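Following this line, the structures themselves.
In the two complexes below, chain A is the common chain; its partner is chain B in one and chain C in the other.
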Partner chain A sequence: MSGWRGLIVPVVLLLLGEAAFRVFGYVGDTLAPPSAIFRGFAEAIGDGTMVTTTLQTFATVLGGTVIGAAFGLVVGCALGFWNLLYRFTYITIECLRPIPSVALLPLSLMIFGFGYKMEIAIVGFATAWPFLILTYSAISQVEPRLLEVAKVFGFGPVGTAWKLVLPAAAPRLMTALRLCIGIALVVAVTSEIVSNPQGLGHELMIAQETLRPHRMLAYLVLVGLIGWGLNNLLLWLQTRMFRHRGEVDTEVAA
Partner chain B sequence: MSGKSGSVVIEFRDVGLYLGGKEITQNVEFNVRKGEFVCVIGASGCGKTTLLRLVSGLYQPTTGSVHVDGKKVDGPSRDVAIVFQDYSRALLPWRTAAGNVSLALEAIGMPRAERADRIHALLGKVGLAQHAAKYPSQLSGGMQQRLQIARSLAQGASILLMDEPFGALDAMTRQSLQDEVLELAADTGATVLFVTHDLEEALYLGDRVVALYSNPGRIARIVDIPLTRPRNQLSTREEPDFLHLRRELFGLMEEIHA
Partner chain C sequence: MRRGFNFPGLAFLQGLVGLALFVWVWHLIVASGAVPRAFLPSPEATWNAFVRGVTIGDMREQLLGTVLRMINGWLLASLVGIALGSAIGISETLRNYLRPTLAFARALPASAVVPVAIALVGLTPGMVLGVIVFGSIWPTLLATVQGFAMVDPRLVEVSRALHLSRFDFIWKIGLPNAVPDIITGMRLSLTVALILAIVGEMLAGQEGLGKAILLAARMFRAPDLYAGIVLLGLVGLVSSYGLLLVERRVARWRR
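Entry: the complex of A and B
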């Protein structure tokens, strides 16, 4: 692993930040030195809120992504397999897709009230479309020669889908999942900041409203770390799963 | 002269094909007999692959018809196997060599318990027994093409279509694969329709050579190859008949390309 080089810049920035605070002696409600942010971490872990709220956000990210990806996978496959279906539905999809998921917060709130359900619904909506589109394109990009192989071997639609199309599309589907997890985290934290009183986003707001910038920044750093960690975890899985193909497509970083 | 007197298994009856409004194939008429090894040569884009696709049922003729074992071809059949030109695309990169062969056995519905032995035997036949657990990306080009051949044999077809299978390989690999294919064909008694752009390869392998004109693809000449079998990379290529036919076909190809 030569990944340690990537740590140089953040560490230097942290040290510079700390030094700047020491030299200029800034005190205020918006910024805090790295040492204070570390203290914020310690406090939030110590009183248990960081763990609880992280789990809350994780639950919605995972729940929403599972629902959104399942919907996207099923519909995306259907559209990929039956081009006629695609021609019938693509306008509808293209109209629904650009709706900002946050704009659905009031609606979701009216239906589900505060809590997990409304947030999961929003995250599910936000992830379903990219997953659908990426599934569709993954399936359309399956090597035509493999479809001919399926034909000459006499596989029916189910056998072709199961033995050739889905495995061939798997690396791209994994990339789609990675992208969607990133989107899910952004949308979950946003809905917690805007309305849902739980999770990391809400905690971040509380810290800001109670004028504790060091704690707010600790949560901000945590959200960044979680996003980075999830992406790396999936990237690692993807590389392991598809290492034999010599064509793992890792360029889309969420 | 393996089985040249056998029954007709592939029949092109005045076949014409249009694709996208363009005439690709015109008035193609010839037969292949059981156990025969027929090579198709012609310039790039003259419709060699198209002929194989017509036999395998991937294309339907616009006029005329193609018959296999007396039955009109209307789709892929278990009795016709095909080895594609681009092995790297035709193999499943996520399956090992054994897994790729298994695909053909799964297709014919062979129970899982019987597959392992059959896979081992087939990989052994093409000299890949030691590489059963490797993925295509870990195999050389020649090995990948051997794997594709093993996979097509797994289907148990009596007709083998091969589309420039050795086009991308170096001369040495190519020669050993030529001999392996001749051996396999002799062992299994399969009927082979073999496309190549290499005139000498066609002469070395075939009982007959079908030469095509381009635009649209038509038969220019069908030549019998009266060379004795088994053939030998050195002596066969030095036989007077070989040299004579080579000169004759070379002249024909020049004429075609002109």
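Entry: the complex of A and C
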């Protein structure tokens, strides 16, 4: 593998950044050299805020994704089993789906006030659609003969969903989960930056407003690392779980 | 039986009936008083707020502001994304060097860049545009790289035999082959651009629908808020469907 070459660019950028600050002697309230960013990390871990806010954001991501996934799975299964239901609802779904999740921020804030509820509601809205669509498409692509077998055995909708459809759709649902965790993190951080006073996004905003660039950049790096780490973790899980089926879309980034 | 039976037409009709039912149920819920009107206005109130906003209010200017912001950022991101993606796509070396950096930058939620951009540039329209470009560049860039990777190896050999320059290879072989991927990427980019345009308006106070719905919610004017959300949903619907049509047409033309 050529892994080491990929490290050159970030390392050179960090060194250049550090050198630029040393040479020009810049001290200001908008940017900070990499060494100060490390200090920002140490500071934020030391006073406990980094752990607390990370847990707050994680709780939102998890709660929202669970709610969104549950809704998407149930409705997606229902639409997949009853074609008539699908035909009567698809236009409504296509009209609701493109509503940008941030457009619901003011509404959610008005209903729930600050806190976990308003954020989880928006994350749930944003993550429900990919699950709904992928569940539906997974079901409509299940081998029809398998569904006939289910009918012969008298499985009923719930039994069919549990014994046939979910196992067949599992690889695609894992892809949906990976996509949704990414979306959930973006939506959570966005709502924290725009309005909700908790979590990583709010901490970023506070660091900027209190003119502590080293802390702000430390949080920015942390948010990036979390996004990157979660995606890689789920990708790894996905390959491990479904490698034997050869159904993994590797989707290698760049 | 199938021939005389216009199935897509019927399905569309059923879909419309479903949508009408949805609005009717919405109306019934509000009329029953189960949900406070401050949180859920009736469809009629929303429609009236919409008509008022478009005719005597400034909803048209706000819509124009948001759409222009979204499209400007998206076009800029597409141009830069396609150019960078082509450069990365033709060079194995460049890909090896940039892979982790790109993976990190793509995983970074674009809105997290907003505080940094505010610190650097201030609350200006340029800042919002920069954030939109930064956030919406990734789908197009990665799709371009992907499209270049999928170019038929025989075409690469042909171009070598013909001694095509790098630029000629990109222009004559790489880009035409990558067009379907690029358009898919651009469709995803447009969605991101809309979201970031709204976030930018909310944070930087730029005139647009994002700021308008934030103000409507602060003043508990639910009908105006819903009218704005519906309009933003329409913007999302129209823009993604427009590009989906282009995508399908390109796919057909290539076959």
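By definition in this document, the second predicted complex is superposed on the first by the 221 of 254 C-alpha atoms of A that agree within 3 Å, B and C clash if a C-alpha of one lies under 4 Å from a C-alpha of the other, contacts with A are read in each partner's own complex, and residues count from 1 in each chain.
The criterion applied here is as follows: a residue touches a chain if its C-beta (ideal position, glycine included) is under 8 Å from a C-beta of that chain, and two chains touch if they have at least 3 such contacts.
Model, not experiment: these values are computed from the prediction.
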Going by the contact rule set out at the top, does A:213 touch chain B (first), chain C (second), both, or neither? second
Note to self: In the overlaid three-chain picture, which partner chain does A:154 touch, first (chain B) or second (chain C), both, or neither?
What the structure shows: first
- Message: For A:146, using the defined touch cut-off, is the partner it touches chain B, chain C, both, or neither? Pick first, second, both or neither.
- Response: first
Comparing chain B and chain C in the superposed model, the one touching more of chain A is C
Q) Just chain B (first), just chain C (second), both, or neither: which does A:40 touch? A) neither
Go through the superposed model and pick first if A:68 touches only chain B, second if only chain C, both, or neither. neither
Given the complex, residues on chain A that touch chain C span 2, 5-10, 13, 29-31, 87-92, 94-96, 98-107, 109-111, 182, 185-186, 189-190, 193-194, 200-201, 204-205, 207-208, 213, 216-217, 219-220, 223-225, 227-228, 231, 253-254
The answer for chain B against chain A in the complex is residues 56-58, 76-78, 80-82, 84, 86, 89-90, 92-94, 103-104, 106-108, 135, 137-138, 155
Note: in the complex, chain A contacts chain B through residues 143, 145-146, 148-149, 151-155, 159, 163-164, 167-168, 170, 242, 244-247
Listed in rising order, chain C residues that touch chain A in their complex are 11-12, 14-19, 21-22, 38-39, 88, 95-116, 118-120, 142, 145, 191, 194-195, 198-199, 202-203, 209-210, 213-214, 216-218, 220, 222, 225-226, 228-229, 232-233, 236-237, 240
